[in-house]
Structures are given as structure tokens and as C-alpha cells.
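Below you'll find the structures, each written out as C-alpha cells.
In the two complexes that follow, chain A is the common piece, with chain B as its partner first and chain C second.
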Partner chain A sequence: MATDAHPTPETSEIEGRIVEFLHRELLEPGVTIGRDADLLSGEVIDSIGILRLATFVGEEFRIVIQPADFVVENFRSVAVIAGYVVRALAAHGPGDTRP
Partner chain B sequence: MEFEWTADQLRLRRGAVEFARARLVEGVAGRDREGTFSREAWQACAEFGLQGLLVPAEWNGGGQDLLSAVAVFEGLGYGARDNGLVFSVAAHAASCEGPLCAFGSEAQKREWLPGLAEGSVIGATAITEPDSGSSALSLATTAVPHDDGWRLQGSKTFVTNGPVADLFIIYARTGPGVGGVTAFLVPRHTSGLVVGAPIEKMGLRTSPMSQVFLEDCWVPASAVVGGVGSGALIFSQVMEAERLLVMAPAIGVMQRLLERCVAHARQRKVGSVPIGKHQAIAHRLADMDVQLEAARLLLYRAAWQRARHGTATRESAMAKLAVSEAYVETCRSAVQIFGTYGYTVEYELERELRDALAATLYVGTSEIQRNLIAGLRGLG
Partner chain C sequence: MPVLLNRLVDEAASRDPGAPAIRCDGDTLTYEQLARRANGLARVLLETGLSRGDRVAVWLGKGLDVPVSFYGALAAGATLVPIDPKSPVDQAVRIMRATGATHLISEPDRRAAVSRALADCPDVAQVIGLAGDEATPVPCVTWETVLEQASDRPPDVQVLDLDPAYILHTSGSTGLPKLILHTHYGAMSFVDWAASTYALRSDDRLTNHSSHHTCFATFDYYAAARAGATTVILTPAVLMMPGSLSAVLEREQVSVWYSVPAALVQLSLRGDLEARNLRALRWVLFAGETFPGKHLRRIRQQLPGARLSHVYGSTEVNVCTYFHLPETGDPVGPLPIGKACATTRTLVADAALHPVPDGEVGELFVRGSTVMAGYWGDPERNREVLVRRPAGGGLDEVYFRTGDRARVLADGNLAFVARADRQVKVRGHRVELEEVEAALLSLAAVEEAAVFTVPDGEGSSALRAAVVVGGDAPPAVRDMLADLRRSLPPYALPSDIAAVNALPRTPTGKVDVRALAGQLIEGKTRDGD
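This part shows the complex of A and B:
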């Protein structure tokens, strides 16, 4: 359950933060992506990029990404990732307290 | 922040040390010389519960988490002399059982996990290719849809446990990009899967290794692990756990060698003075001590994070890099401190050094770990 100190963000806000991270850290200048664009099937993100994206998602939304959750069904696109974050927060709330 | 093991973890570690001293010491020199894998020792490990340590209890495993497994494998390194066999068990657990436990279907778990946990089935993972190194995305091996299944074509190399494995997890390209790699579960006797001759190695000679060839190797759709296209993501998770599990014994070996070197430096005299009185020796031992503790803490921290917080990509890469390089340096120092005795087969330090040298190569070279650590900072 989310606490008042860390209110659960709206899906659109989650998507916005992910897109901002992608543009700032992973995408080539001038490249834009839609919320449903496939991040994994082309040249958009490389093998280290997907790890950076997963690390960002875990830290930014304070969720614990279990190894079994790290599959294409949860990381295929911005919209899919946001849906995964919403489900993780609903199930467990913010739980990442790593130093 | 706690820096203490639980009573259960300490009990597990002590048990592993006692088991390893009793069952994984005798005959190692001969097996190393001949390059033979001991099925008897493998089965003894299974009966002790090593192969099933990380497998859930419902599949006949021990149901331990990674941090507890690290404690056990550290104990093995401390007590055993057969570094190759311990490496084979760790690879089996991390790279074959690990993805099955996390990503396998219920049917796959039901069919394979009990045998893997009991040691009657030996597992292996085939990712590296002759021209690709360990990059999960540079695969030339392909899998194409065929007759309600997949047809695999290509070759793999440096497959730990390959010559004795009953079950392989094979990574193949099924499309472009990060989402174009898929993991397949392929039993040894599948038509089209050919295991090459054992590869002779410098160290870890009791852990067998081979090539694996896939020649129109058809597998059913049910052989896919974790969904089509999830192979690179699965592999990244496998590597995280494997980096930690295979390096845990190195901490135990370093501890054992440090204690042996300290005892030697206090007892061995040149003239009437113990060699440990000389700063050249004392400082080298101090450096070994510091390197061990630094490596140990990085390993524990990464395993703790993985057990508590799911993933530990950066931390596991840092731990793997630090432990492997400290391990090699410790073994080099041990040989040096023992002088020419350290170079003889009888003193068994040359074997420790040969075994250790592989640590900066397997499960991603030191260069790959640095690439990953830097890449996670947005560099390179």
C-alpha cells in the first residue's frame, strides 16, 4: 500500500517520467518515441540500456523488480512499463529502501 | 545496517566447511592431473543438498535465498580443494536451475527441477559462441518457428558441464534487438544437439567444458523459457546471480590461503628470524587481508541486495570484478610467500593459482564487468 509520504503517481505521470529518462539518457538526439513504441525489437535500446532503464524504474518509483518480472511482457514499451509499475505499487507499495 | 549472519546461515556455512573437508579433498590432485569430473563427488554434493540449495522446497530443494547460498558456497571454498567441482555445482545452480525457478513454466519445473535438485540431472547453459564472447545480443545461433516448435541452428562454446550435462538452456536469436533473444530448454538426447569433445583447460580441470552444436535441432514450443524474446533479460538476471554464487567459493579459498600463509610466515625462518618479521612479507599479507575483506563486503552487499531488493546489476558486477581480481592476486601472493615450495605441485598452491586465473574470464571477463559498471553510469 502506498503511503502518504509517497503517493502513488498517475499512469500518465509514470509514463512521462519514463519518457523523460529515455530522452535524457538512452535515445539518440532527435529520436522520439510514442508510449506504445516497441523499445526492445530494434535499435532503440541496447543490452546495457535495458538494465539502466530497469534500474531507473526501480529507483524512481521505489519498487522491487523481482527477477521473474524482468521479461518483455513488462518492459516492451513505455505504456507497458507504466502498467507494470502501477501493478507493482498496488500489490506491494513503495518498498525499495536500498542505500 | 547489520553485518552479522543469522544463526541458520552460520550453521549452513559450518556444515559446508565440514562436508567439504570430508568429501571434497581426497584425490583432487589426481583428478586435476587427469582432468576428470567426479560423479561420486557430484552426488555427494547433491546428497548434502548443494545442487538443490536455491530450489524451492516444493521441488525437492532447500529453499534458501542467495545470501544464504553465498554463505554455503563460501564455506565450500574454505573447506574443499576441488575448486572445479564446486564451480560446476555453482554453475548448475545459478545458470540452469536459476532461470527455471524464476522463469520456467509449471510443467518445466515439474519435469526438471526435482532431478536437478537431487543431482540426478546435470544442468548447463549455452550462451557463448565462437565469435560472440558473452554478449547476449551478439548471437549467431538462430531459432526459427517450425512445426509448432522451433528449429535451432548454430554452435556454442565454453559450455561448463557440457560433457556431462543432461539438460541445456540454450540462448538463440529469434528476432532483432534486445527483445530478439529467446531461451530454450533442450535435453541432451534431443535430435540435432551434439556435444563436442571436452576442452582441455589450464585450471578448473575437474569441471568439464565443451562445445555444443545445434544442427537443425527441433524443440517444441513448450521448450521456451520465460516467453519468446525474454532471453536477454533472463540472461541478465542469471548473470547477476551467477556472478555472486560462483565467486563466493573464492572468498573461502582466499580466507584459507591467507590463514595458511600467515601460519607459514610465523613459522618459517630464514636464519633465526620468521619471514613474517620482514616487512616485505608482512605487508604482502596485510594487503591480502585488506583485499579479502573488501571483496567479501562487496560480495555480501550485492547478495544481500539481490535477496532483499530483487536486482543488483551494478553491485554484482562490482563484486565479481573485485573478488576475481583479489582472488588471482591472493593466489599469486601465496605462491610468492612460499617461494619455490609454492611452485611445486605438492604444496597445491600452483593448482589454486591455475584455478583462480579463470575467475577473471568466466561469467563475464573483468573487461565486461568494467563495461557494465561504466555503462550503468552512462559511459562507454
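This part shows the complex of A and C:
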């Protein structure tokens, strides 16, 4: 029902919202992160942080992250996550909760 | 006990030199390669002044260099000191200073941290694994130089089974962590028990899931090498992504798994197990925390070919009891911790070491060959936990006081009841609640602090904290957490800090943690009263 109010965002906007979330919720004050920085090195955020990030991405962009999608190839960096969001939205459209 | 830790890989290499010993991110070290590199490293250690029993600190992220460092240090007759790769510099310094490490093995990625640490570690006389520069005050040898020394011949160093093998450390988040010394005899007792109990074979593929400074790694590396099997090192990226983790398990045909329950719960909930072929997996071992029944039932359905084994024991005793889940039917109620290993005798007793009747709760004491030699540099604590019991003839038996309360069930299995103190497990890591409170109290604005655990809903616990802050401008929770990160490892950080006007107290003046938990979970802080 709210689909019309949530047009598919641009990649740069998706990246921006993820970076903003990381800085607001998960990174130490003063730490900045680039779109290509490795999020899975274990040094930037921990496994609980990754779960929170994934929850944010699912809610913010209204996609359902399937277990099969919960892989390094989709979460390595901000740019990679944005690419995954774009693909997921193209496949199902925003707000769709089907598998 | 024909072979000790220092010769495990040479022994395996002489049986089958081309067999894969280590796999990591698609790279392989055969037993021959691993033995040659370890021997080369041992030579470098001895040539740079190492004497038998000297402590060699290993501060590395997960990778092929970890087993090379372990076996190289052991082959040189050193006492190995693996440091948590996630340790802040301060904690690494405390461990190296307390153990008097003379050699440090690290990697180029840690150059800045190593340089800072060395400034406070005057005993470290040699660094291996990175090139020196102006900021590094001691001689350095690179990994390339170590590889040039690779050799089929182990150095001629006499190692006794009673000699120290390694010093492991607990989370000990503020101050000095507990430093736990095991001998070759203790380690090999566990290794032989594990290799025999789980019938490890040369075609088995184990994983290294946990950090290599924990006692889990004793199984992952040494028991695997004992059997000539392969250890698949799981990197942080794979461990954060359950779907990738299960893909690695399938691709590497992993046959034996050992971790905390929380890791299995993640894999079960988010690992897409239905899409994987994990038929090679024949044993799943877990330890460290209780396994919630609903998760256990699901994972058994997801992994129908695997036997499950609940093993119990702290780092001080490695593993002392075990319980194989029956092949069919789900156990009712909490899983028992099982029966004593062949290496171990258990005793449920009162404080004076008198056994309590079966069925009654007492403290669990264990005696056996896998029990630690003692805490390094802490005779007072050793007297507290390594307790003597008359054994006749004027001689004593030594039992380790686990600090866990337990009872003997009707079928002879032991049931865990509770921790005797406030040491808790958070995702498999030991955390002393008092130490987290101490870290909070070290923040300038914090006047009082209390920490407690809440279930995280996935079989582990999360830490919650409450603080009373003073001053005109109380700090934001986020800033307090940022400050805590400097002194606490990630798993010891509270997931939330609530500012309250006062902490509830018991009549004796102690913080009433149960009342506090009730207040916070129900949202009834006194704020706004």
C-alpha cells in the first residue's frame, strides 16, 4: 500500500543511507568509512553489528534478506550492499516480502 | 605418549607428506610444507637467542601463519603464548609483560600496534613476521626470511612431557587476564582422548572456528594433526556471514565441527542449511554454554547425518566431561554435561571437599591429566583453585575447583546447575561481570555501575549495564561505549547502558542485580519518577 510513497532509490542514495547508519549506530565517533572499505575484516564491526546492519538494510529498503543472500558477496562493503539492494529491489520491488 | 606437541606435524608429515594439513580461503599447506616452515621458524627462534621454556607470543589474525607459528615455537622448545587477535594493544602488552615473552611473532598488518606494544614490553628482544623500521626498537625478521630457513629437520631440542607447552588467556577485560599454563602432557592427554573418542582419521576435515587463543583451538589444531587430518581455518568474513559459512562447510567437505552453541544457532537460523550438502559432517561438538532445546531440535533436523556431542570444561581443564546426544529422540530438559572423560575423575562436593550425596547440588571438582599446571604468576589463585585432598600414605590428590555447581543425575550423568561466581559466557567468551563494572566505573562521570546478563534469544547472553552518572553534563551512552571499547574486547561490551538515578540494593548493601534486571527489562527505571 505504501509502495508509491517509496520509489526505488538511486545507488548513491542507498550508499549514503547505509554510511549514515554505520556512523550513527555502529562506528566509533571520529571513525569514517568509505564505500569500498572491508566491513567483514572483524576490525570494523563485529558479528552482532553485521546483524544490526542487515536488519537496518532490510527495513530501510523494504527488502527481505533471504538466508541464501546472507553471504560475503552481498555484504563485503557499503558499495557491495548497495548493489545487492538494487538487485533485490529490481527482482521484487520495494515492500515485497515474498521469498 | 610417544609424541608431544613439538613433533606432531613432523610425525604426520613422515606418514603422508602431501596430505593437506591446513586450508584457509582456498590456500593449502601440506603436512610437509607445514613441518618445513615450522622447523624453519624454530631455527630462527633459536638463532635469535631463544632458550627452552622462553615464552613466544603470537599476535596474528587468522591465517596459515598461525599454525606455522604454533608448531615453530613448540619445535623450538618454547612456551607458546597465543594472544587474542582482537586484543587491544594494552591487553597484548599486559599478557606479554606478565609472561615475560622474549619473542613476538606477528604480521605486517599489525606493525603500528606492535610498535606501540614494544615500547612497554622491555623483555621482548626479537620480533618475527614484519620488517623493522625506526619505530620498532628491537631486531625484526620477516616471514620471507623464515621461509628461507625452511627445513625437513626439526631442531635438536629435548622436550619433556612435563615441560610447559602453552599459556592461554581468558577474557580478563580489565587488569590482567588469567594466564593458564598447560604442559605437553596435559595437552596430549586431551588430544589423544579427543582423537580416540571422535575416531579422528586422516581424511577428516576439522574447522578452526574459535579464536586460536582459546582451548577450542587445542582440538582444532593439535587433535587434527594427531590424526593427520585437515584443519579448515574459518576467517572473520566467513564467520560473519552464515550463508558463506555453510558454503565453506560444503565446499571443504567438513566432517567435524567444534564451537560454542551460539555459532551453531546462527548457522541454523541464517545459514541456508537446506540448500547445502553437508553429508560429510559426522560429528558436531559444542561447549561453553547451554544449548537451547528449540535450536538444538532444529539443527538436528537440518544435519541428520551428524552425531552431536556436548563437551564441558573450562580452559583450565580443557575438556573434562562429555555427553553424546542419543542418535534418535530428543533429550528432555537441559542437556547434561555427561560423564567424566577417560582422562578425568569428577567430584561433586562441599567446600571441604566432602562428596555430597548423588542428586544433591555441590561444587564440581575435577582431577585429571588435562588439568592445567596452574595460573602463570599467580600462586595465590593457584592455592584457591588447585586444592589438595588426602589420598593416603601422607600424600595428597590435587583437584581443580571449577567454580561450577553441579549434581549427579540418576543415570550417572552430571548436570550443570550454575556458576558459583559471576563469571558469565557471552557468545562463548568468558566475561567477569565485575570487570565490566570496573571498566564502567573507570569512566570519569560514572559513579555506580552494575552489569547483568539477559538472554539474547539465540542461546547466548547479552550484557546490560546500568550506571549512575554524576556531573552537570552526563555523557551519552554512545560516548560511554566508545570509551569502553578502549579497555574491553568487543564481546565484553554491554549491548545497552541505562542511566538510572540509583541502583537497587539488598539489605546488606549489595547491588540487587535481580531487582535491577526486573526494573530495566520492564522499563521501570527511576528516571522521570
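By our rule, the second predicted complex is superposed on the first by the 91 of 99 C-alpha atoms of A that agree within 3 Å, B and C clash if a C-alpha of one lies under 4 Å from a C-alpha of the other, contacts with A are read in each partner's own complex, and residues count from 1 in each chain.
By definition in this document, a contact is a pair of C-beta atoms (placed from the backbone, for glycine too) under 8 Å apart; a residue touches a chain by one contact, two chains touch by 3 or more.
All values reported here derive from a predicted model rather than from experimental measurement.
Asks: Assess the superposed three-chain arrangement around chain A: do chain B and chain C clash, or do they fit?
Replies: After superposition on chain A, chain B vs chain C: clash.
Asks: Of the two partners chain B and chain C, indicate the one touching more residues belonging to chain A.
Replies: Touched residues of chain A are more numerous for B.
Asks: After lining up the shared chain so the two structures overlap, which partner does A:E28 touch, if you call chain B first and chain C second: first, second, both or neither?
Replies: In the superposition, A:E28 touches chain C alone.
Asks: Is A:F75 touching anything from chain B or chain C once the two structures are fitted on A? First, second, both or neither.
Replies: both
Asks: Look at A:S12 in the shared chain and tell me whether it touches chain B only, chain C only, both, or neither; answer first, second, both or neither.
Replies: So A:S12 meets neither chain B nor chain C here.
Asks: Looking at A:V64 after the superposition, I want to know if it touches chain B, chain C, both of them or none. Which is it: first, second, both, neither?
Replies: After superposition on chain A, A:V64 lies in contact with chain B alone.
Asks: With the two complexes superposed on chain A, say which partner A:S41 touches: chain B (first), chain C (second), both, or neither.
Replies: Touch status of A:S41: both partners.
Asks: So which bit of chain C gets in the way of chain B here: 333-341, 369-377, 387-395 or 513-521?
Replies: Given the superposition on chain A, chain C and chain B clash at 333-341.
Asks: Shared contact residues on chain A, chain B side and chain C side combined as an intersection?
Replies: 38, 40-42, 46-48, 50, 66-73, 75-76
Asks: Which residues of chain B touch chain A in the complex?
Replies: That would be residues 1, 102-103, 135-137, 175-180, 226-227, 229-230, 232-234, 236-237, 240-241, 305, 308-311, 313-314, 371-372, 375-376, 378 of chain B.
Asks: In the complex, go through chain C and note every residue touching chain A.
Replies: For chain C paired with chain A, touching residues are 61, 85-86, 236-244, 247, 266, 270-272, 275, 427, 478-479, 482, 485, 490-491, 495.
Asks: Please give the residue numbers of chain A that touch chain B in the complex, ascending.
Replies: Residues in contact with chain B: 25, 38-52, 54-55, 58, 64-73, 75-76, 96, 98-99.
Asks: Over in the complex, which chain A residues touch chain C? Could you list them?
Replies: Touch residues, chain A against chain C: 28-29, 38, 40-42, 46-48, 50, 66-73, 75-76.
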